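Before I ask anything, here is the structure I am working with.
Going in written order, the chains are labelled A, B, C, D, E and F, and every chain counts its residues from 1.
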Amino acid sequence: QDSGDSWLPSLLTETPAQGFDLAVTMARKGVTTTQGDKEVLFAVRPNYARDPQSLIDVSGVIAMYFATIAEANDHWEN
Amino acid sequence: QDSGDSWLPSLLTETPAQGFDLAVTMARKGVTTTQGDKEVLFAVRPNYARDPQSLIDVSGVIAMYFATIAEANDHWEN
Amino acid sequence: QDSGDSWLPSLLTETPAQGFDLAVTMARKGVTTTQGDKEVLFAVRPNYARDPQSLIDVSGVIAMYFATIAEANDHWEN
Amino acid sequence: QDSGDSWLPSLLTETPAQGFDLAVTMARKGVTTTQGDKEVLFAVRPNYARDPQSLIDVSGVIAMYFATIAEANDHWEN
Amino acid sequence: QDSGDSWLPSLLTETPAQGFDLAVTMARKGVTTTQGDKEVLFAVRPNYARDPQSLIDVSGVIAMYFATIAEANDHWEN
Amino acid sequence: QDSGDSWLPSLLTETPAQGFDLAVTMARKGVTTTQGDKEVLFAVRPNYARDPQSLIDVSGVIAMYFATIAEANDHWEN
């Protein structure tokens, strides 16, 4: 249980916008979990943040997490 | 709660076409969230908007968001 | 409401084949929405229509839209 | 209704293996719909059929269609 | 009905681990269906099995099939 | 039944964070299943762990597994 409950206690959020923020957090966690060395990460990030293809692909990963979060929140239905 | 509720108050739209527009907005938000520097974004966009691969990939991200939005709207069923 | 209701009034179609056609339309709309300049689009299309990778990726985007359309139509179940 | 009902009358199949075959057909249809010129298609296919990346990507598109077909068939549950 | 029922009689498995094995089988079938020439396949495989990008992409295709299989098995719920 | 039940006895976890860890495990299993030679794997990993594109793609595969795991756990709903 080394990745504690702290970073992801629940998929529930109050609003869709907060759900989107959570999706961004989860997409980043997927990257930092694979490359745990923070120095490498800091070196890598400026590159992909300027590469159109990478930006689009990150957007796609966020979209996948958002789909899961939206479902967990019953799409925040009124 | 820095990304306010304003940009995404709800996933509900009146029509499928408006749902598609919302999917486009969300796909773009995924890009701007990762690269917050607007100058870099403006420099990057002309490139990917002319690159066939990027255009197709953006279309794929829109498709993912549209799937979530369509489900939230019960596919706008009659 | 600038993208009018006209191009996507509903996700419902009479047959799976018509649902596939709608998926193709939606995948293309995702491309034209990002690159609105028709001259650039016409220049870009011959390239990706001959590039195997692009053809496969377009096919993948169509598949995503088809999944959503199929669900909206209860998979056209008999 | 130019793509007639003939090529895709239904998503229902008798067995999972037949559902897989249908998914292969649909993935190919996505490619031929975008590049309708059969001469170009014949020239393109030998290339992607030898490119590992393309083979894997085609397999991914088949997987997407299979997911939809499996759902339409209630996963062929016993 | 040329791909007989033998290779995929059912999506049901006894355990999640067996479901994962089935997903691997299906991902490979997607590749061999597109490139039926075994000599070409044998030449191609050593390449993609050493290419990090290909290994990750294959993993993604397996993930897609696993999602479908998990659903068919009601996620093997206790 | 060569990949024993041991590595994946269930998709159920107590918390979302543990579900994320399981998704990471499954994404890696997809890679090691395709390239079983550990020496090649050890040679390949340093490369993709420094390549931004690979890190993002791995994150995408984790997202897919997480979606399945979250569903199996009824999204860990309160």
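Descriptive notes on the structure:
The rule is simple: a residue touches a chain if its C-beta (ideal position, glycine included) is under 8 Å from a C-beta of that chain, and two chains touch if they have at least 3 such contacts.
This structure is a prediction, so every number in the text was calculated from the model and none was measured.
Listed by label, the chains touching subunit E and subunit F alike form an empty list.
In this structure subunit A contacts its sequence twin subunit B using mostly different residue numbers, the overlap staying below half.
With rounding to the nearest 5, the Cα superposition of subunit D on subunit E corresponds to a rotation angle of 60 degrees. The distance from the centre of subunit A to the centre of subunit E, with each centre set as the mean of the Cα atoms, comes to 27 Å. A straight line joining the Cα centres of subunit A and subunit F is 16 Å long. Among all residues of subunit A, those that touch two or more other chains are 53, 57-58, 60, 64, 67, 71. Taken as a graph of touching chains, this assembly forms a single closed ring in which every chain touches exactly two others.
Think of the chains as beads on a loop: from subunit B toward subunit C, the beads read B, C, D, E, F, A.
Note for the complex: subunit C touches subunit B at residues 1-12, 26-31, 33-35, 40, 44-45, 47-48, 51, 53-54, 57-58, 60-61, 64-65, 67-68, 71-72. Of all residues in subunit E, only 15-18, 20-21, 24, 49-50, 52-53, 55-60, 62-64, 66-67, 70-71, 75-78 touch subunit F in the complex they form.
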